[in-house]
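Should a chain be cited, it is by its letter among A, B, C and D, assigned in written order, with residues numbered from 1 in that chain.
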Amino acid sequence: MSFELLLGAWVATGLTLFIFTFLYQDNPLFKLAEHLYVGVSVGYTIVKDYDLLVRLIYEPMVKQGDWSLLIPLGIGTLMLARYIPKATWLSRIAFAFIVGVGSGLAIPRIISSFILKQVEDTVRPLVSIVQGGPTFTYNLLDPTSNLNTIVLLIGVVSVLFYFFFSIEHTGPVRVAARTGILFLMVAFGAAFGYTVMARMSLLIGRLSDLIEYADPQYGRASLWLGLATVAILLLWNVRQREQPPDKG
Amino acid sequence: MNFAERMLHIDRRIIFLVIGVCTLLPLLYPVGLAIKVSPEVRGVHDYIEALPEGSVFLLSMDYDPASKPELYPQAVALLRQAFRKNLRVIGMTLWLPGTGLADQVMTQVAREMGKVSGKDYVFLGWSPGSGSLIINMGQDLYKAFPTDYYGQPTRELAVLKGTQTLRDVNYVVSLAAGTSGIETWYVYGKDKYKFELGGGCTGVIAPGLYPLLRSGQINGLIGGLRGAAEYEVLIGQKERAVAGMDAQSATHFAIIVLVILCNVFYLLIRTSRKQGEAR
Amino acid sequence: MIFLRRQLPLVITFVMGVVFAAQYYVPHPRSELMLTEVTKWLQIIGIFALVLGVTSLFHIHAVKIRRKEPGWGYSLVLYAGIFGTIAAGFSYSSTASQWVNGKETINGIMTAFGWIYLNMMVPLQGSMFALLAFFIASAAYRSFRARSREAALLLIAAVIVMMGRVPLGEMLLPASGDVTQWILNVLNASVRRAILIGISLGAVALSLKIIFGIERAYLGGGKE
Amino acid sequence: MTILWAKADYDAQDVRYQILIGEGTEKKMVAEFPANSHYVRDVKWPWWTRPDRPEAHQFNLKSGKGLEFKNGTPYAVTVAVVKGAERVEALPAQAIPEPNWVNWNQMNNLLLVLLFGAVVLGSIQTAKQRDIFLRRIPGLDAVDEAIGRATELGKPILYLTGAGDMSEPSTIAAAVILGRVAKRVAAYETDLLVPHRDPIVMAVCQEITKQSYLEAGKPDVFKEDSNFFITTDQFSYTAAVDGIMLRRKPAANFFMGSYFAEALLLTETGASTGAIQIAGTDSDHQLPFFVTTCDYTLIGEELYAASAYLSREPIQVGTLRGQDVGKGFILGVLALGTILATVGVLFRTDWPRIMLDLFKDLK
């Protein structure tokens, strides 16, 4: 095994364990890892941005003579004017450009994908033609069956009713809105369950790495570093108790 | 404070410990429970399976290291299938911090399947803009990415011959960990340039994508580690995701037990309080 | 001057907004070309937006170090992280005999920059998010109580989905997989659709207000 | 370029159509397909642009592989019928490609934009002239209750504005609600802590807080540093706020605005300190966690509504009213559309399409 791979395994293991110490309580090891994390990710962004600047601006402009790129360059520079107190207003021009284009692009596309398309799919006939005659299909597992169309319609309508703010929730509106809440709660529950799955997957991913690095070919990095981390935490705890609590 | 109350206010570090143990044990001693494949995962798989050889397949790996455990196995499985089918593969990412991961997975799977960069596949890397980048690719791919990740001019790559815009791409799959992902590809891409679109995503955002799935805006959805495991089953190469499913089962049941316990204690407290009031 | 400061940004927003909303309905090659060009500009401006964020971070930690505020040592660690990564990003790789130039790999060989990415950034970010696994468990234990009918529904749906998404659950309760599918595909989809329609209307309304200069909060600060 | 021709009675699987095209007399074949395919009805045309009867044939020619259309050049196009060895070619038609200036298929989209725009602007105008009714939002009572309890306990109040910048509706709403909370807090002379993730949001919130203290008649108790910036980074911010929660033990935590994965780390820590927690967000992926770990949650649009309710500003109230009208309109479309679609299937008629097509997403 090369030195780089071995060192990599030890560093990755150590940092993972340091982050996990937060589960015990906030401590210097966690703070160290956390600040390193911010630093490395900022450094990474800077390097990538520089690379991009070269690819998107320098090369097309200098090598291919596409001088129209001076316009976005100028607008970008205006954004930085925010740091000069007297010229802050210049940065507004840049924001105006970005927000203007963004709003313009968004309007028709949102209407098309999130309103028309969704309405189109909700509006379905409540009967289907099976073997030449109209029938009502009620297979719950087929998302397009007529029964599910009705359930879906009730869900969409009642939740929309819940989000009415300019009318009082009384009578039938109240019934609809209450149904809407029930639908909302089921959806939130489902999302919670699904998220549990997601977060556990992340943990599984980290732990399988730790298990891999506990292998003798990596010098049992996880085991040794795990012991070291626990020892440091204990030491820190003892010192913490000796010191008056209001410091740090 | 009675027993139930004390149990409800238990130090949360004990719960942390329970979860840690429940994840670790099955990883060390796997059982290998059977996995059932859902139709939405099959949607993506069958579409790729039906593509003729030489079709253009674009895989957009729109995630960062935080979602690696869920989306990395999905990327591996998809790439293996695509390379086995001899599709022309375009890799890219809309997420800057994911560039390295995407590069790594492309290189690794390509090497494993004996594929050559520039000829069988291309990795375009990252470029900012998300929505505007996709529009840009839809207008002219060579302009949006003048060079690939390794600095080769895209116009001259054999794999991109005849693929000038997104209209020439047969299938796009976005593996998404959040915004700038599947929705972005739909709204700014498929909507206009009419390629078929499939998706893979983390468990957190999966429920939010079901309306798109239902309305046919995406033709399949691989959700989370579970989805990845199903995909591994479909292509017949069981690996990390399948291995993780035992641990997943164990932790889910640990949480279900915790929820039940919590409600038992809660009911105990409530009934004892009611009795107290009655007295 | 007042026109430049106050009216000009609003005029720009209005013109840009109307032009690019209208562009959607115009399939003419010239309008497509304009879209390509301006979206490329947005890409470039995006880089400057990142610069803004990074500078403010630099500034805050520089102040911390200069004033020797508590925990200023960590700010040093942060700086070390930034500069170490940048240095690696622009170093010379002797194995690949090429400048690294922000590449994680060169011809399949990992660079120092790639090493930092793979062995520091990936585990750090992954572990940060893995912490959530523990917190979600403790949240489930402490807050998942059937206090009301709504809370009970939420709880039951969550438990069913948790069962239906893992092999063990499907083994113990074979129906849970199908029920989960139904909850996700029908109940969940209907709610998401309604929320989507509602929020989309909100977003379109906000965009319209921005274009017409009614909403100006994005310009920062109410005073001038 | 779209080619249309009438249906013939010999259309069947074994008969094939060929499409030929050329500049001048030389013509090359560009497509061949069975005669019982490529009908107008296969393509989603809305009724206002449908070029021919649904039974007619159509074929779409696009610039692309092996075919490059030049604008303004005349092309000769024709259709040939092949059955076995027989081949009949129709008379060629002249066509000159011209780029389109308007995509007529999407006119329903434009119509909706204009309609909704008019409704929103109109509602804002109405709101400026007279009061518009807004229903009470139950979560807002909880806000006052939480502030009251913090005062009793003599503990501070923590208010977070989320991860968004000032261009997000949720952040704007969070800032407005902060104004109201600050006014209450000022009246009770309780401590207020507002840690920030975005410098601009911080600047705006500082102004708002100052204004609220003035309005409450307590400018002397206003502290400049109650709004403070921590960092833009998600997890450093979260760790820092968690630290504040554990050390200062606020009696009430408010989470307004947009949130990501950090939401649970914040609310779980907050819950462990025993604070009353009130959340409001439109980040739907985080809503389940807020709903379970907080005492009260403003769900999605409720957050916007709460800010309109509190501020009573005509622009906000009017927008909300406009959105309600939009939702009402969509509800009507859903109801009517379902009935029409069912009628269409039951009686096998085509006329319901006149309305249904208006609400389809067409390209």
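By our rule, a residue touches a chain if its C-beta (ideal position, glycine included) is under 8 Å from a C-beta of that chain, and two chains touch if they have at least 3 such contacts.
Quick caveat, the model's predicted, so the values are computed rather than measured.
Across the assembly, the mean Cα position most removed from that of chain B is the one of D.
Among all pairs of chains, A-C has the largest number of C-beta pairs in contact.
Per-chain CA centroids place chain A at a distance of 5 Å from chain C. In whole angstrom, the spacing between the mean C-alpha positions of chain B and chain C is 16. Multi-chain contact residues of chain A (touching two or more other chains) are listed as 22-23, 31, 34-35, 37-38, 41, 44-45, 48, 52, 56, 99, 105, 107-113, 115, 117-120, 122, 143, 153, 156-157, 160, 163, 184-185, 187-192, 194-197, 199-200, 202-203, 205-206. Annotation for chain D: residues touching 2 or more other chains are 106, 109-110, 113, 116, 167, 231, 233, 235, 261, 268, 284-285, 288-289, 291-292, 300-301, 327, 330.
Across the assembly, chain B contributes 12, 16, 19, 23, 66-69, 97, 99, 127-128, 131-132, 191, 204, 206-208, 211, 214, 224, 226, 248, 251-252, 255 as residues in contact with two or more other chains.
Of all the residues in chain C, the ones that touch chain B in their complex are 32-33, 35-36, 38-40, 42-43, 46-47, 50, 103-106, 108, 114, 117-118, 121-126, 128-129, 133-134, 136-138, 140-142, 144-147, 155, 158-159, 162-163, 165-171, 177, 181, 184-185, 188-189, 192-193, 196.
Here chain A touches chain B in the complex through residues 23-24, 41, 44-45, 48, 52, 55-56, 59-60, 105, 109-110, 112-113, 117-118, 120-121, 143, 187, 190-191, 194-208, 211, going by the rule given at the top.
Residues 99-103, 106-107, 109-110, 113, 116-117, 120-121, 124, 165-167, 169, 172, 175, 199-200, 203-204, 207, 229, 231-233, 235, 261, 264-265, 267-268, 271, 282, 284, 288-289, 291-293, 300-301, 304, 315, 319, 322-323, 326-327, 330 of chain D are the ones that touch chain C when the two sit in their complex. Those residues of chain B that touch chain C in the complex are listed here as 8, 10, 12, 15-16, 18-20, 23, 33-36, 38, 64-69, 97, 99-101, 103-104, 107, 111, 127-129, 131-133, 135-136, 139-140, 143-144, 149-150, 206-208, 210-211, 213-214, 224, 226, 245-246, 248-256, 258-259, 261-263, 266-267.
Residues of chain A that touch chain D in their complex: 22, 26, 30-31, 34-35, 37-38, 41, 99, 107-108, 111-113, 115-117, 119-120, 122-129, 134, 153, 156-157, 160-161, 163-169, 184-185, 188-189, 191-192, 195.
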